[in-house]
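Below: one structure, written as structure tokens.
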Amino acid sequence: MTHQIIMAGFGGQGVMSMGKILVEAGLKEGKNVSWLPSYGPEMRGGTANCSVIISEEPVGAPTVTEATAAIVMNRPSLDKFEKDVIPGGDLLINSSLIDKKATRDDINVYYVPANEIANDMGSGKIANMVMLGAYLKITGAAKEDTIMEYIAEVFSGKKASVVPLNKEALKRGADCIK
Amino acid sequence: MAGKVTFDENRCKGCELCTTVCPVKIVIMDKDKINIKGYHPATVKEMDKCIACGSCARMCPDVVITVEKL
Amino acid sequence: MAIVFQKTKGLTEKQTHYCPGCTHGIIHRLVAESLEELGLLDKAIGVAPVGCSVFAYDYFSCDMQEASHGRAPACATGIKRVHPDSAVFTYQGDGDLASIGAAEIVHAAMRGEKFTTIFVNNAIYGMTGGQMAPTTLIGQKATTAPLGRDENHAGMPLRVSEMLATIPKAVFVERVSVHDVPNIMKAKKAIKKAFEIQMKGLGFGIVEVLSTCSTNWGKTPVEALKWLKENMIPYYPIQNFRNPEEVK
Amino acid sequence: MAKELWKGNEAIAEAAIKAGCKYFFGYPITPQNEIPEYMALKLPQEGGCFLQAESEVAAINMVYGAAGAGARVMTSSSSPGISLKQEGISYIAGAELPCVIVNIVRGGPGLGSIQPAQSDYFQATKGGGHGDYRMIVLAPASVQEAVDLVQEAFDIADQYRNPVMVMGDGMIGQMMEPVEFVEIPKRQLPEKDWATTGLRGRKEHNVINSLYIEASQCDKHNEDLFAKYAKMEETEIRCEEYNLEGAEIVFAAYGTVARIVKNAIKSLEKEGIKAGLIRPITLWPFPKANFLKAADMPNVKAFLSVEMSMGQMVEDVELSVKGKKPVYFYGKAGGAIPTPKAIVEEAKKILGGAK
Amino acid sequence: MAKELWKGNEAIAEAAIKAGCKYFFGYPITPQNEIPEYMALKLPQEGGCFLQAESEVAAINMVYGAAGAGARVMTSSSSPGISLKQEGISYIAGAELPCVIVNIVRGGPGLGSIQPAQSDYFQATKGGGHGDYRMIVLAPASVQEAVDLVQEAFDIADQYRNPVMVMGDGMIGQMMEPVEFVEIPKRQLPEKDWATTGLRGRKEHNVINSLYIEASQCDKHNEDLFAKYAKMEETEIRCEEYNLEGAEIVFAAYGTVARIVKNAIKSLEKEGIKAGLIRPITLWPFPKANFLKAADMPNVKAFLSVEMSMGQMVEDVELSVKGKKPVYFYGKAGGAIPTPKAIVEEAKKILGGAK
Amino acid sequence: MAIVFQKTKGLTEKQTHYCPGCTHGIIHRLVAESLEELGLLDKAIGVAPVGCSVFAYDYFSCDMQEASHGRAPACATGIKRVHPDSAVFTYQGDGDLASIGAAEIVHAAMRGEKFTTIFVNNAIYGMTGGQMAPTTLIGQKATTAPLGRDENHAGMPLRVSEMLATIPKAVFVERVSVHDVPNIMKAKKAIKKAFEIQMKGLGFGIVEVLSTCSTNWGKTPVEALKWLKENMIPYYPIQNFRNPEEVK
Amino acid sequence: MTHQIIMAGFGGQGVMSMGKILVEAGLKEGKNVSWLPSYGPEMRGGTANCSVIISEEPVGAPTVTEATAAIVMNRPSLDKFEKDVIPGGDLLINSSLIDKKATRDDINVYYVPANEIANDMGSGKIANMVMLGAYLKITGAAKEDTIMEYIAEVFSGKKASVVPLNKEALKRGADCIK
Amino acid sequence: MAGKVTFDENRCKGCELCTTVCPVKIVIMDKDKINIKGYHPATVKEMDKCIACGSCARMCPDVVITVEKL
């Protein structure tokens, strides 16, 4: 199975690092991976997205034009990327900031109130991890354990305190998916 | 010497510069609102205190503010 | 009911792409207001640089050209020689003007080209993400000076106004800042004066405006204003360096 | 007007003035110095403006500014200076500004020599600057032709809003030949309502720009440019065909080299060998059809591209001939000039081998 | 060493350091900024020197000086900046100095867009600078390949005393992929006894120079250069052939586009259409023989060059194929990226038409 | 019998291509003598410009590089960063240094590159045949200023030393002349000092040498010396502008 | 007949203007002409040469590699260009400054003491006109009258006084050819 | 304090600069000679007057002159 994911949102919502964490985990699990960011002269707070691929086979195009899944963190991202999900693919919508519904019915749509959950956990910044948790639950693109292994590596020593928070966020996200 | 300050709210980027220059300190960020860009916009709560000095408007990098003298 | 302040006609309705609190916006407005107040909007031609203000052509309501990086003074020279009665200005960042475009600004000054340069000194490369500029202060961090600018490696920051003031035909050289309202008023005055001098055909005029880049300085907009005042002004004094009266 | 003797560079400058060129921005470099020098003397007398720029980089950007402001404007240089202008040329093409750029080519690479060469063919025709763009490149073979082409170049530039390059070698610039200034029929030209003149009552501001931050828009812009280039390819190709009838070998040569080749053709004729010449006058758009037609002529056994380079135009000849006949190359580089004798030898060698 | 995730630009910088590059002179430009930024941090730790030049023009001339002084040196930029370096590159080629130049290409012309493109192919392979010269141009398709090629680029440069360009697009620079730094077998390299190090006891002074004032000497110099280039063409060509057996259509694509084409090939396969790919890894010297061989395969009906440009490499494909089979082009420009779907459509159209 | 004067080992045997009486020859000699006397010939690396002195690589006996037009300071930067213990110098004309290469010299000065620049100001473009230079005097004729330089059109001549002296890391800036023997001696002293300062690693040093171009001035060599003295020196005063003592 | 002439000497000996005068006269006589100078970074007093073509037919290559005649004003020019004269062609040597003899015997060689004659006439500068006079006598490439017509046009008004001197120089040159 | 001045005659370009700086005015152009380059070279006729100051050599742009003190 090849996972081709688009992740998109405002700058500051952590979509780039969400993608990076996922490919790091993919690599740990011995998959072929690639991560391609959008780039440009965006003002602070502008929009940002990345294309992530996790696959058993060598990665062909690093661009994702036919997404197996899209994770959209804000409204402009929904408008832009809904059409790129393949029929039968998954669309994860951050319902905390997006009041609009998806318009397609040939895809699986999930509404995750990521900011609400994150705020509820006391840190608005980990809304991205909530979404990632939901995504992992849906697709199994990587194991939660591998993700946590990577996070533990990055946040070691003094920063280790944030590790449980991230774990919790993944879980709360997963819980949204029934 | 009363003044009226109008904010073109959706232009505001929430930078807070206007709040630092108001001599009577009435320009504040409206934490209850989020504008189309996703920022808390600036606003004036106690408009009657405004002396129409125009400072906030002159400081604003995004021509959000219009000031009138009543 | 009298208008104390409203948006000038010199700016279009387009909202800028600048980061929150970026003082590029203030400086745009001062230029546009000056043009409007002097009645020059109808014959103004501006030149946008390559830098954060690359889209300036969308924001000014007068005719505009987008120049290649650093070459705005050459571009403006071409324009002004064709339309000598126009009010021509370049709007340039410190990377654009003081680094890649150093030869062009020196020579526009040498020739006494009759246009006005607005030189936005924010001590960093904004658009490309915080690289060191010629104006970056000693010790100031930048993505290409990760430990801070080291004078033994990268030299001392270039004081452009001081340098250009040695050139006879640079008849108006002034450094201003926009970190508070009184300075914004002074900046406006200098910019307006520069345009007046241009229209009188006296020679080349440049206004260096100290500006912030909170994003690449890693500060909030409000902190950035303070940093400008406390760090930039001591090295880049706010001062008039040349006045046409002097050169007469 | 009777014929007068003119030095190529000065004739080019005078032709530009006659074509209404009022602005010239340049920087000294051998072997084209007489162009700016002539302009320095004459343009002010015509109410125009000559300015010596601080560099070629500045010069091409002054051209950008002046062209964007609606003027007829020219610059000239020679090889290293033209290299420095590549970014500017790409901007001018991207912003669709009309101007004329003269390159009096000298030997390279690097500082090279300052003698005549044709080694900037690729740079001129394929785009020495970044991105996809094209210039019309005109290659005169005599001072008279230089004069005629320069005059028309300004019209072509204005018609398409595109830079036009006139490319000669050091010989074209330095030699003196008889010239008659005949007025070129003016084309019907669009108004320059896009120029930045100051609003002066106009409602919408004009913007000169080559930035399209959205990739899709930039792609569209490229499509538009190439639609324009396709039009140029349809209507602007020029070419001289010489002695093709019955030719066993067809030379490809442009500029002064074509004249040397003509000497060689006469020598071959004396030896009983029929040779012809296709001389592209527009190097871009390239006269592909002429070559293809010749390739289909049964008498033609081979093509020989003769250049003052290590072999550049020869690729366009090959592309045109599409493998139908063999294409050979002979050239001298670095400022050396092929002699008719050497060309004759080369042709005989090929005909011997191509039997 | 295990595989690690690296961003292309940073991986390129690290690879250069691993290859012994001690000097880097550059100027900021998107989308290659991570290269100078990485160098700024790491080179001083390696006892080397990173310097931000005042411009691309200065940067390439610093490279000239440092290369002439005997150092392993690199610069990087993106399209407009590379245009500004053309004069300097011509000098470096003329003076026969080894160095590595990275171009992370973005959409043009002019300021264009800053998105991934391949529209500097002509500039890189035919010589965007003046005069006759060539660079080896390496075009990686993945971050791993970028790492490997950059490391080898320094050896190639030193072996031939020639500039080597590594050309990627914005995607190569910006994407993150797993990388393993494997040491590339070192070549046997000649001593740099020509470098200006100061005499330090040497008898004859060394001179770094590209000026040959006598045309005949400059011609000779060009002949020598081209003899060297011929050697490169003999030994340095690299190319990936993919799925050629039985292919009805052969794609030509390089860099990341080749990967997109591979996706398309898989899709075509699903529809029962056999398609192959020739991916030049060296854009110059171009793998002509590979294309010619494919053109001679009876199953191959057509070639389709897919590029992020308006059509540049396609000319080299045509030159290689020599008219034996039709050559088509499909591309997107200005930073737009061709999709596998569109490529599939295009291929089917051609096979429909080429029957 | 003692040698009072003989050819320095810093020069090769090659005879120069310079016009009769061209003072480039004198300046070459002063540089070569300085290097020899300071014992630097063995670690000197010179950079020749594009200009009449383009063949300088044939005349100096030390290692040499030929730079592209105006870029000698960038080239020298590359060299010096690779061989910090070398004595690196650029030898540049006024077209080369003050026109096309203006950005490069300003930035070498800003960075305080530790090399020495010999700046030959002859108020004209020699090699290309007498075009106007940034240093051409008002009223002076040139092939691209056939009626003489007009300040309203082409501005006032650029005083390079004065301009560079505003840059902190340009620690040694001096203007000298070679129009008579006492001035030649002074010029030699300045050049030698500049190299000493370089070897001490104090920063960037430049010696501007007023020079003649009798050919393009349309004068005999002897007349040209007189013209230099009477016309150039009043505008380009012979003076030391910066000394490392000052900057300490 | 096509005249292809190389003229060469020190800068200052007037070889360039000798060539120009000849092509101007050729043009006046309705011929096809071209004049191509050497150029380069020569010091004052360095060598200079030009290629001149006068022909009934359109001029092909403006370069002269097979000269019908060469006029050499100094020694280096003799050394350089003697070989370029076609068999049966003419070589004119300024014997005042060149003590060497020509080495070929398949060409016609003429020794003209141009500087001596010019000095004798009181103006060393018109040695070139002496040589031109000799050349015209030999080849008839242009008529002396046409040359004088052109010279009279150029030196009119105040400068007219030099016209007779030029005429005399042409004549004295011609007189050297028996 | 007598001196000896030697000219590397064939290097001389006849520019006359050396003649202008000799304090005892003994450096002159030899109008009777033409060197290999075609110039009248500089020379000293009354060598005994030479004070070995070296000025001519220092002024010469072409290192034609060597000066010795006897």
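Each chain gets a letter, A, B, C, D, E, F, G and H, in the order it is written, and its residues are counted from 1.
Here is the rule we go by: a residue touches a chain if its C-beta (ideal position, glycine included) is under 8 Å from a C-beta of that chain, and two chains touch if they have at least 3 such contacts.
If you're wondering where the values come from, they're calculated on a predicted model, not measured in any experiment.
K.L.:
With one step meaning two chains touch, work out the least steps from chain B to chain H.
P.N.:
3
K.L.:
Steps needed, at minimum, to get from chain C to chain G via touching chains?
P.N.:
Minimum step count, chain C to chain G: 2.
K.L.:
Among all other chains, pick the one whose mean CA position is farthest from the mean CA position of chain C.
P.N.:
That would be chain G.
K.L.:
Taking each chain's centre as the mean position of its Cα atoms, how many Å separate chain E from chain G?
P.N.:
The mean C-alpha positions of chain E and chain G differ by 55 Å.
K.L.:
How many Å are there between the centre of chain E and the centre of chain F, using C-alpha atoms for each centre?
P.N.:
39
K.L.:
For chain F and chain H, what's the span in angstrom between their mean Cα positions?
P.N.:
Result: the chain centres lie 26 Å from each other.
K.L.:
Can you list every residue of chain A that touches 2 or more other chains, as numbers and ranges?
P.N.:
40-41, 45
K.L.:
Can you list the chain F residues in contact with two or more other chains?
P.N.:
Where chain F meets two or more other chains at a single residue, that happens at 18-20, 22, 54, 66, 68, 99-100, 102-103, 106-107, 111, 127, 134, 153-154.
K.L.:
Scan chain D for residues touching two or more other chains and write them down.
P.N.:
Touching at least two other chains: 30, 51, 54-55, 57, 80, 87, 91, 95, 110-111, 114-115, 209-211, 213, 337.
K.L.:
Write out the stretch or stretches of chain C touching chain B in their complex.
P.N.:
It is residues 1-7, 11, 15-16, 18-26, 29, 180-181, 184-185, 220-222, 225 of chain C that touch chain B.
K.L.:
For chain A, which residues count as touching chain E in their complex?
P.N.:
Contact set of chain A toward chain E: 20, 23-24, 27, 32-37, 39-41, 59-63, 65-66.
K.L.:
Could you list, by residue number, the parts of chain E that touch chain A in their complex?
P.N.:
3-5, 30-31, 114-115, 170-171, 174-178, 256, 259-260, 262-263, 266, 337, 339-341
K.L.:
Per the contact definition, I'd like the list of chain F residues that touch chain G in the complex.
P.N.:
Against chain G, chain F makes touches at 17-20, 22, 52, 54, 127, 214-215.
K.L.:
Touching chain F in the complex: which residues of chain C?
P.N.:
Per the stated touch rule, the residues are 99-103, 106-107, 109-112, 134, 151-156, 158-159, 162-163, 165-169.
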